[in-house]
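In structure tokens below, several structures.
In the two assemblies presented below, chain A is common to both, partnered first by chain B and then by chain C.
Showing the complex of A and B:
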């Protein structure tokens, strides 16, 4: 529209230019053109302010889900939950009258409480009748939680009269959670005695059984270093040694069994049957604590590393010996294909090494041992099979299940050690129960401290995004932590471990959420460098247009005022 | 008297334990990163591979070394010696060899992946060989080399990592207890600026050159055609190769840092001690193999010991367990023979997964394709509507 008018005015302008060449003037704009331009500029600014700015704000802002920071910090500081370990011990006294056994129970409990120095871990005695005991002993093997409300029975004590004894004697069943206490019939506590010798004996026996567990729990609860002073010194060394060599807790462990041999034989082994027979019972027993996956491999022509000292022939032993200090170089980590990177759990390596016939038998020089543990890594077993008579003596081509028995028994032992099973008491079910309590305590603490780390991270890095999944993981963690705490308080340790495992998994997931990557620090120069090429070309005309328009409006307004005045 | 004796005994045990605890680390990890690609940066890859060779020689297994190589010099068409990488003109040691495990290669070497590696914010399906599995007992060696500047290090000519990001990554590692002690080494121009922002404890940091100083290459191999190693790395390696000859070496970090010779390196290397508890005097006492070697105190099992928890005791217990299970199996199969009805009810929950279990392929990413299509359709529809409305309005105007 304006074009037409412009064209029509130009001849007029050229006509007048003859007389006044310097006074060439642009004709005044029509009011419609001015209002159109005003509208155009206003539209541009409206789009920028009402559309562009919100979009920019929305797309560049970092989503941070709300986290219950204070609650998380409280968990990490141990303010929310003080874990306690009340162990329920059932006492059965089939040979005693009810008042006598009641009295025995009371005095024993009293003696126990006197002996106990560590309040968080205490034993609670409970009288039971004979019939239910047998039933529960069977159950406790599987460490199943019996019922929703009832606490797990840690141990059953059977008090049995036996003739011909002078002092009471205790016998721990190695494959169940049962302790038999035999006493001479003359020592039946009379209700009048306040401190009968039988009670004292039972109390001391129980105290001894749970001594290591108590020390370990105290050590875990009081933190990594400071705990050792409150611990009985006789356990301190064994605890710190165990913590040094055992693996960090994981939900799933990967067990890798490898047969290495420097020659062509043995080239096969009865591994499936061996794992099934010798290992799966143990793995089943560990089921409440961790899951396991297993893989196996056979590697022929596996040589020592060139830097490892070779075995030396010992005339006295008639064997090839390895020095103890050289054992760390035994595994040729560079060339033996040992880390299969399968699954997401940590790998425990178990190596069965069959030496070449020219170097058999092989053993450790110092104590003639044939196996050793590499802390936090796995175990090695030297298997010296009988050489087959064919030819000059060669290794058997196939290792049968019976050959593998000592190796797999040793591997089972190494597995127990590497998973941090305590060494006492001398009953596997009891040790596994202890492990459940230890793991529950350490998982509770580690999940709590992860919560604290996440809370501090959230506050210290304000530019890190926090997706909603993290918030939900945190709330799952916190709820499971509190149920772990209440399970512990009422003595349901299997249930406590189960919830603690969930809490730990969720806590790890929330901390290691992959979208929370702190690669977001941009110095200000970077921001300028990013925005300037974009905003410069757009911004200059916009701002100039805005300023011109404002000037015009102000001028018009002033003119109108002057006209009015 | 007896109590006094016991007190002394427990005190001495305690002292012994404290001494043992403070210096303890249980595993070693190494993160070796080159950040530049292309043939003329041959020396950066050679730097890293030389360090890789050294830490492997001192006992860190491949599974605990994360090696990041952005380019493959051995297979570069310009390489006159295909399949090999040398860090010295004498070409005595082929660093590539036949046994290196590169964990991140080519365009996988990015700032993001590096930070994800340190903080372990990785997808669940990332294999363990690509993860830094260190824990509260691990000593970690981080070595970086490439082209850098004031408080940044360039990755692959495309992006850069700032000193702040690196400091935050280490801060998060400390927060999650992913290292016990950390030795940070960097060979680049203005390297010392990279560790100025660190704030987490237990870190010793060292770099090749001050602010506004270049870090120079050591020498070129005329047949390879490019420089093969950087000066600072060359002299660090010289120390490690000639002095630290075995994993039992007693040389400490103080000796290593004292071996820096500015007249040879042609720049001023720096060391930062203040984050280390006890500062320089304490940090100097850490042995070189605390970081470059692998701690491994094997425990030989005495077959004749009888204390609780010893091999013999455990074997007996495990044997009993095995027997019990065999018995249970027999009973179970007897039940199975009697009635197949009970089979389903009596079956113990299978929580132990043995190798025989087959797992199918899993979906890699969750994709909600219908939702995406709906969003796309509505966007297209909205755009069309706006266009139609605009054209109608335009015609009427």
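Showing the complex of A and C:
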């Protein structure tokens, strides 16, 4: 083989050495050949640039729907909407003449405005007809539920003259949104007085009623730092603790009531009657804010986790005690079947624990309490039923409705806390109204901040696709956010909550869109590595050809310029 | 039949208990049934049954019905549910017919079928997917892999066992995972569903190490609505665990589980053999029944009774051995012998742990075992990677009656059966094989062909096997070639084909009788998995080669040899080349001289 090659090359070599002096120069290329070569290379590159790259671009590009980034960022920064809470309070003064009541209203409003230091949350008084105020409130409630233009009435104040009083007296109805103010007839404000005592009294009373709400709203709007300067730190701390413990807002909450006991008894309870009697009214009152499903279970032989410190017998109390710091390990999450309910919405677990007769009664060591809240999860109640005399002092086999009463009272209270209801005022309807406003505010803020996060995400990751559904969700969110804002401004809080709910759901949906995550982890380097055997051998001659041709063109151009010069 | 058969007894017992408590709105029962089987095996059959009223079920007030399962069923609109976890094989030739007549067992792996309330097929399938996903989480099983390719809708193989209202649009869906390995992680959630949770009562015997060490075991969960005539409707949950333990194996201490040969002095040799000597022994079969106790076999004792079960009327542990055999129990338990001569039940002391011991004993009578109505076995025949065949053998042991049954098979889509090749051979007791047209035996055929990657094929045959004969059915199939990504990580192991389900129609006491074949392993042509990259690289190279040639031809200037030499001499390359050639020319004569 080598020989043959050597034979064939050697004459060539000799020929070349021979021909060296004869053929010093080769004939120059014809201009046609040069232009043909130029055309060939240009065609190849044209195909690559005008066909190859567009196809590659088209097939590998990702769809990114247009998002109103600036608008979303503005919402997140709070530039678009400053939530305000104008509360309408109707004042009825059946015992007063019209000018007197007008004057009372004016002076009270003045006193209120003086007292108020948080501009976003203010009370607006409005005089109603002296006709039956009950009728009036009902009407306004209906209007509110219909979502009409009239603002919701937060409170009705009835100013009633009463003999035998020295100073005015206020009385809040526990089950309606009505505040009765009784005043001695002598204190009817005269139109000339600028600051009548009755007005000051009413203003202070109202300020006190809405103090907690105001502080809470200020806390939510201002983020972590306390919103109001005048609020004392302890109060602010309690508000922020309550907000931390409460659940995230949801359309539907699943309430799960479980009876746990380490032994075989009690194995049944009057749960249907107890839920019906102690819980249903509360859940019904919550209907405008959230829906609830209730499920219950009985779990026997539920032992403590082996890791949890066991209860200790306390001689002084004559009871088994649990240390406060050990309560977090009380629920044996590994063994107790407390899986969340199926369906949308979070589950709140309420555990009724009946200790074994050998460990009864059981209580918390530090404060002798029998119940506690597990933040954002549920509540626990230790029930120590009287041991039945039959046998060797065992637990009763059945828990009647009356035994369950204290437990369910506690559960109701825990439920209110977990849902974020404020502790004051005493009237439940007022507290629920406050809850509506708090929820609307927090939903508005959380949906806005989700929008901001989504905007930042799409900006920072240019490789993720944005499907059209995300764009439509974003536009729904933004429109609902602005209608929430306008509802708030005009004092229609139920409507504001409804739109804020939609905004929040859509915002979450757009942020957690599944198809946006998939492509992020698909690296282009792998594709390049696989196709390198194709791209390399094709790319090198193409580039070399291009560079040579460019050199030639540049040289020719220079030569021509020199020739011209 | 003079001897009262064991499994009819199980059923009768269950039915009797059910009947006596039919009026109670919610109640709970549990029972353990033990029977020694030939070859020193022990069948332990656990049964737990709880009821709740339909109303409290709908209102989600759970007491004996587990909340987690109840919510899943409500969410998926499931009216009746059957879930099975099985491992091992029931040796019908030695052990006789199956416990519960096979109605509480499933094919190897996990099997699930449910009646779902839905308006149309699509909605039913969506709810079925919800159900499988949720159950997969609850039972820690891969039920979420029951997709459309593994779901079938049997027509005649299953009948609802509950009382359903006529207005419900019920859809039956069936799914099976033959490759699923059933293990302790499935037992733990199973125990959590029980009211006494393995802490008291017969469930306290469960130990994952023993349960899954059994030669055969089957766990089942059945949920169905029951409407007693004139009473309120109930929702019933029934859980069973059946297992066949090897007594010798189970008795090994956990600390020292390695089996050892029998010591020489304990060997019983057949001295009649001519080669019998000091060091040669033909061991004789043991003539005595093996002794065992609950603690030895299960590794723990029974912790009293579950107080929820109505213990006054119930004996929760039953043992089926001849009455002549002496049985020792722990204190506080009372024995009640049934008059069939074989069964005795025990009433336990609620406070004390219970143990039961049977000693090694020479027996004169044996508990009669019921002969199975039908023997069935299924194998894959043929060779090569492209085609294969299926052979199913049905044996009818009865001398007098023919057996009518439904044969149900769900095949994966990559196994493409040719139903036209279905052939039948019949062999009588005289051993003469005779080919007959399949239509002589098959009275009805329900066949739903597969769609690639969407659904598997479903075959239901209504068959009849004449008395005292064996029928062999065969058909051919073709193996599909899968896509590269469709192969599992252990592709060379083969692909599981789900067990066939046989439902016997003319059973003696008209209760459902089911038999399941073993699952099959189908080898498919498996590629070398680096192939796609090799192909890409090879074709890329070929294309690049072609391209380079064409491109060079087009771009390079073609000159004559003379010209090329002249051209070459000017460049650096040409100069080096000519130097090299000169060097070689100088060296060459020397090399030839050396030679």
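Simple rule for what comes next: the second predicted complex is superposed on the first by the 437 of 565 C-alpha atoms of A that agree within 3 Å, B and C clash if a C-alpha of one lies under 4 Å from a C-alpha of the other, contacts with A are read in each partner's own complex, and residues count from 1 in each chain.
Simple rule for what comes next: contacts are C-beta pairs under 8 Å (C-beta built on N, C-alpha and C of every residue); 3 or more make two chains touch, one makes a residue touch a chain.
As the structure is a prediction and not an experimental result, all values here were calculated from the model.
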Report task. Report for A:564: first if it touches chain B alone, second if chain C alone, otherwise both or neither. Result -> neither
Query raised in the report: Which holds for A:328: it touches chain B only (first), chain C only (second), both, or neither?
Result: first
Requested in this report: Could you look at A:295 and tell me whether it touches chain B, chain C, both or neither (first, second, both, neither)?
Outcome: both
Query raised in the report: Of the two partner chains, chain B (first) and chain C (second), which one does A:166 touch, if any: first, second, both, or neither?
Result: neither
Query raised in the report: Between chain B (first) and chain C (second), which, if any, makes contact with A:287: first, second, both or neither?
Result: first
Report summary line: Counting residues of chain A touched by each of chain B and chain C, the higher count belongs to B
Report task. Have a look at where A:533 lands relative to chain B and chain C in the superposition and call it first, second, both or neither. Result -> second
Query raised in the report: Just chain B (first), just chain C (second), both, or neither: which does A:119 touch?
Result: neither
Requested in this report: Could you say whether A:316 touches chain B, chain C, both of them, or neither, answering first, second, both or neither?
Outcome: neither
Report task. Once the two structures are superposed, pull the chain A residues common to the chain B and chain C interfaces. Result -> 272, 293-296, 335, 339, 341
**Report entry** Partner chain C, residues of chain A touching it in the complex
**Finding:** 6, 9-10, 12-13, 15-17, 19-20, 23-27, 29, 33, 37, 40-41, 44, 256, 264-265, 267-268, 271-272, 293-298, 300-301, 303, 335, 337, 339, 341-343, 530-531, 533-534, 536-538, 541-542, 545
Query raised in the report: Once bound in the complex, which stretches of chain B touch chain A?
Result: 9-10, 13-14, 17-18, 20-21, 24, 26-27, 56-57, 59, 61-63, 99, 111-112, 115-116, 119-124, 127-129, 133, 135-137, 161-162, 164-165, 168-169, 171-172, 175-177, 247, 294, 296-304, 307-311, 313-322, 324-326, 348, 351-356
Requested in this report: Mind listing the chain A positions that touch chain B in their complex?
Outcome: 141, 174-175, 224-225, 228-229, 233, 236-238, 240, 244-245, 248, 272, 275-278, 280-287, 291-296, 307, 324, 327-329, 333-335, 338-339, 341, 344, 346-347, 364, 366-377, 409-410, 412-414, 416-417, 422-428, 449-450, 453, 456-457, 460-461, 511-519, 521, 523
Report summary line: The answer for chain C against chain A in the complex is residues 56, 59-63, 66-68, 71-72, 75, 134, 138, 192, 195-197, 199-200, 306-308, 533, 536-537, 539-541, 543-545, 547-548, 551-552, 554-555, 557, 559, 561-563, 565-569, 578, 581-582, 584-585, 588
